[in-house]
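Across the two complexes that follow, chain A remains constant while its partner is chain B and subsequently chain C.
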Partner chain A sequence: MRTSEHIILSAGEKARRKAFGLLGRAFLFTVTSVAAMAVLAILFFIARDAWPFFSDRGVGDFFFSKAWYPAHQPPQFGAAAIFAGSLLVTGAAVVLAVPPGVFAALCMSDILPFNVRQVLKPVIEMLAAIPSVAYGFFALVVLAPLLQESGGRVLAAAWWVLALPALFLASVVAADLLTPGRLSHAAHRLARTLLTLCFLSLSLALLAHVGRVLGGLQVASGVNALTASVILGVMALPTIVSVSEDALQAAGRELREGSYALGATRAETLVKVVFPAALSGVFSAVLLGVMRALGETMVVWMASGNAAQIPKPWYNLLQPVRTLTATIAGDMGEADQMTGSAHYHVLFAMGLCLLLFSFTCNLAGEWIVTRQRKRLRGG
Partner chain B sequence: MRVSLLVAGLVAGCAVAQAQDKLVLDGSTTVGPIAKAFAESYMRQNPGVNITVSESGSGNGAKALLNGTCDIADLSRDLKDTERKAMAEKGVKPVAHVVAYDALPVLVHPSNKVKGLTIDQLRGIFTGKIKNWSEVGGSDLAIVVISRDTNSGTFETFKDMVLGHEAKIVESAEYTGSNGGIRQRVQMTKGAIGYAGLGFVDKSVKALEVNGIAPSAETALDKSYPIARPLFMFTNGEPAAESLAAKFIGMSRTEKGREIIEEIGFVPVPAKK
Partner chain C sequence: MRMTTRKLLDRAFTAAACFAVGLMVLFLLFVLGPIFGKGAGAYVFTGTVEHRRMMIDQFGRGDEARVAAEWAGAQQARRPIYDALAAFEKELPQLPAAKRKALKPAFKAVREGVAVLLGPEPGEPLPALTRKMYGQTRWEKVQAKVTDILFEETWDYSEGAGKKVLVPRQPMFEGTALAPLFPLLQTDLTALLRPRLTFYPGFLTDVSVDAHFFGGIGPELLGTIYLALGALLLAVPFGIIAAVYFQEYAKEGAVLTFLRTCVNTLAGVPSVVFGLFGLAFFINTMHVSPGKSVLAGALTLALLVLPTVIRSSEEAIAAVPRSYKEGAMALGAGQWHTVLTVILPAALPGILTGIVISMGRAAGETAPIIFTAAVSVGKLVNPAELLTQPTPALSWNLYNLCTEHEAVDEIRHVQYGMAATLVLIVLVLNLTAILIRARVARRLKG
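So, the complex of A and B:
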């Protein structure tokens, strides 16, 4: 009888336990929602302070005018040049960081021996631990003077070092792909060799020409979009390498073994099987890198020159530019909060744009990953 | 840091302090360092006194004085007519006290052949009409314009005194967040031109003559150097003799106060003869 007393609960006990259960769940739910609420709260407060700017001055000037004179009387808040600066610096950083980042990830996941990878990955990830002000300082006292003193030569040297192996690889691969297949073995080899030689000499000519053009350049100011992009690229590198490498690893051993079993070489396995399978992961790595570069503040404030202009021509990375983040950081100090001036609210408008862009990037990343996962499952 | 610690400590210890042991300053970021150093020194000598210094800009300093939220307003410029009018309407009687002078030397790379510029040439350079040093007697080198960020009092002074009200600074101008940053950029950029406080001139950069006058403490004081200005502390009415505000502002005439001002890089007001 005693046992049944313990198993069958009285109505009061039942209600009590139910209440406790509910309470526990409510507590856990609250804790979990704090994180989500924080995001919403940030969005709300930034939007609240951005709103007066848009309602007073509309959106046209903000997005389409280049006239950024916040301290002039009357002030002008055209942020087009600043948006362009952010895009230019971020875009260049991504172009500089993605190819080496993805190659490094491929190399670590599939080519280097396991124990080398175990050492290399943490070392690369350490790049992310260096404070951004240290990167900025490096840009200011090492990179900028170097570019200024011997800008052309440095650029030419960097071009040769980066482009020579890339173009060599591209020539070989292109020749291989373009060689007609329906030939005898000897003819096939001959055609491929000829094509390779042809592509190689073409790329050598290109290399030499661009190298000569770059070598003749004069850099007036070492603090410019290029300096900022190079440093941002290095800062985005650990994210890109680490996340891509994880994605390539996650493609799985079975996939690789299956490919080898069908007689594919390692190169074919890498390029045609593993990489496509990991593409969504690599893509989200790139998006994370974009967001890292876009949101970085200290380095661009120190190394981009902060001139509110669109370079002429627009791809001229050797001119100083101003970015959204640097503008917010640099101008917030004295934009008067108490009176809530337009200068104060325009900075929030910029923050809101950055935030919305990050959200979009995040959502796009999520969407691509889910879609890819479905496709891989054969859905 | 030390100031805030002191303030925190004193706030705790001073719950019973009388109103006259408290002084609130607000205003210019240029005058702020002087006020902070004065406050630190004063509070060390007079424990039990609580002085807080905020730096929200000259305009906000004037507003704070108008609204009675500060005892002393730090301004790196004189009051504007609109501000004086608003104060008159509210019965606030602003009294100006000059605590120091500030000169803005124009800095170029030491290798630059140009010795001096006129204000007109400076305006041409900073508005982008003059783009090459050869146009003002230098070698054939593109001019790199470097400015303080648009929020600084230094920028405002330079803009008022050199560019005037209508002119806009050239859009390719680079902006740097500190006087030290300006000097750093100028000393490593051959074509650079920038401006910073008097305390930031050293051998690594060359200070140009403006309208034929080299910047120095003397030329700032006798007003012959054109880019110089007095720095103010404004009070509501003349502070009573022996009051905390009077003593605090009076520090700028003491030996210690003059030392502090020189250390920060400004020119102390000459002793009364």
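So, the complex of A and C:
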């Protein structure tokens, strides 16, 4: 019968199939390995071209000197100011992006109804998809002139919008917490009202003072560390939101229900129960955000001012800075004529530092996630 | 803590969270608004007769007879202006010395301003630069140039920081032969330049003329398409094979963990480092091309999008219901056969999602192609050049035009048009991916 011939295989046919199967498996493995090993190739070739710089000039000047004069005779390659610029811009971007990012993730995972979330997801994806050069263009053409012309007013407005509700809330809560407990009802109420008023007037004075200082600021140039940081923050936001949201959702329903059953409000549940449970996931989200901000090239190249200097004082975001990525992109421009020069190798040394940093962040993030997964499984 | 305070805090928390989400949406609109709003101006704008003249000369497009008639009419209307200029030039030597000295530079500025506004005076030799052969082609720039003629820009330093002050020129020339020119420029502008709503779809396909002063973004668009398609052509086979291996063949163990870590790490490599690698490896070590080329750029971009392709393909394969696989196995199909005929077809829409998103990413990236593929000027003529020649690309040229161009402010509309086109391409690709994903989700639900 024909069917049995097909189903019951001869010994030779069986061996042949097995050999094919093995061969196929080997092929898949090889291709996968090539794809996966690409990252090692990147590390190797970046390190190979960075090596001549370190072996010729050592590492001291590179990391600790602020003299970046690659075109002088003899050239000086002190990258301390450039490292500082990268750190400053990245740090500011993360500080700007993490609070709204985490709040937005909490909102998406626990507050908004399902269909609103379905609409917001594409918004986040779009925010992530806009090419960095378009963000850079926006920073250069829209945001920088805005800051340059009315920087003080913009900053003061942002301060009022953010700090007014926050300080109001803080006053009320502080008054509530500080009112002595062993008083009669009426006295308690009076004390609390007085304290609230007292704190409110204090915070209003603070608000007005800081608002006036910010409002009086003159922004010398719109392309500065702040402009770059704001845009980098926006670019890091989608990563932070989506990864944190996954972590918050993974914290589970039981945890939330238990907390509500104990009488906690939603805010208390989220802050005291869900957030701590998801903390490692949120942390790895922040790490990914840091990586995105640190590795970003076009925005900082176009909007950070590209001056190899450490701002004075160091936290002055309104001064221009220069970052590692922007230096690589800007200086490698004439790559064809540069291959082999010290300037060429120093840019690879910078690339190597970026690469090693991103490896560290990545491995740390992965380690945290794996540990968390094990713990959730009950290990 | 009192219950009221706890409730207040709860409300405040909700408000803060919603504010954060709102901020995100607002920022998206804040970024996309100007880019699309002003970007549309590259395609639809109020064009003058100079634009139509330029289109006929440079691209051979338009109704020649009609434009010639319009042009003649505009020349007729411009007559008094040129007459005033000529008359004043004759009058100038007869003026008292002090007045002559004061008016001469102002007259020069006016005359140059008129040349910028209306193009070279009749009878003048044709300038060498194309940008100087025509007057203003766009109405919004006409307004700015007229202001430049009517007012002198000076700086007032009396309050410390300099403040821009516009001083009208008309009173200076009161009583001279040039006086009639100023009211003409204010009232007769329409007759001088014949503004009309213009739709210019050719912006997408035309080559640029004289460093993007005129024309479109055709070569850049083409370069972007070549780079993105090339990157996918290289990354997709590798990506899908790796995903199949990870999902269907690999056994848990040290090797698998290592390979996975490698792929995850690849996803975190900064884009500019991909560019350095492309330069050091593909160009300086492998010599895939003598210098920058589309091939080297596509190879670099392929590496960049590889992790995305692998991950989304893996997700798509993992989402194929187990029953499909078991059904195929029960019918006697081998693993190999099952993957090719059952799993991959079922996972195809999901894989496609990843491919489309990667394509958007490859089209928008700039840093990896700076050292490997991009040039500011040039044009690919035939496909063989893909292997050896660099190309302009939307992303790189947008950077180039808004930072390194010699007249950045003059070509804002081109920059906006380029940015809008690039963002539109990327967003359309992403929306496609979102739609595919929604359809797949609905189908899997049943």
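We adopt the following convention: the second predicted complex is superposed on the first by the 304 of 379 C-alpha atoms of A that agree within 3 Å, B and C clash if a C-alpha of one lies under 4 Å from a C-alpha of the other, contacts with A are read in each partner's own complex, and residues count from 1 in each chain.
Basically, a contact is a pair of C-beta atoms (placed from the backbone, for glycine too) under 8 Å apart; a residue touches a chain by one contact, two chains touch by 3 or more.
Only a predicted model underlies this, so the values are computations on that prediction, with no experimental measurement involved.
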item: Contacts of A:A220 with chain B and chain C, given as first, second, both or neither; value: first
item: First, second, both or neither for A:P320, with chain B first and chain C second; value: first
item: Touching partner for A:N306 - first (chain B), second (chain C), both, neither; value: first
item: Partner chain(s) touched by A:L28 [first = chain B, second = chain C, both, neither]; value: second
item: Which of chain B and chain C A:A38 touches, first, second, both or neither; value: second
item: Contacts of A:L354 with chain B and chain C, given as first, second, both or neither; value: second
item: Chain A: partner with more touched residues, chain B or chain C; value: C
item: Touching partner for A:Q249 - first (chain B), second (chain C), both, neither; value: neither
item: Chain B versus chain C as contact partner of A:S65, first or second or both or neither; value: neither
item: Partner chain in contact with A:S150 - chain B first, chain C second, else both or neither; value: neither
item: Overlapping contact positions on chain A, where the chain C interface meets the chain B interface; value: 140-141, 301, 333, 335-336, 339
item: Chain A - residues contacting chain B, complex; value: 66, 68-73, 81, 140-141, 144-145, 148, 220-223, 301, 305-309, 319-320, 322, 330-331, 333-336, 338-339
item: Complex contact set, residues of chain C against chain A; value: 1-2, 5-10, 12-21, 23-25, 27-28, 31-32, 34-35, 161, 238-239, 241-242, 244-246, 249-250, 258-266, 268-277, 279-281, 284-285, 291-292, 303, 306, 310, 332, 334-336, 357, 360-361, 363-367, 370-371, 395-396, 398-399, 402-403, 412, 415-416, 419, 422-423, 426-427, 429-431, 434
item: Residues of chain A touching chain C in the complex; value: 7, 17, 20-21, 24-25, 28-29, 31-42, 45-46, 48-49, 99-101, 103-104, 106-108, 111-112, 120, 122-127, 129-138, 140-142, 165, 169, 172-173, 176-177, 218, 234, 237, 241, 265-268, 270-271, 288, 291, 294-298, 301-302, 325, 328-329, 332-333, 335-336, 339, 347-348, 351, 354-355, 358-359, 361-363, 366
item: Contacting residues of chain B [partner chain A, same complex]; value: 29, 55-57, 59-60, 63, 142, 144, 149-152, 155-156, 159, 165, 168-169, 171-177, 184-185, 188-192
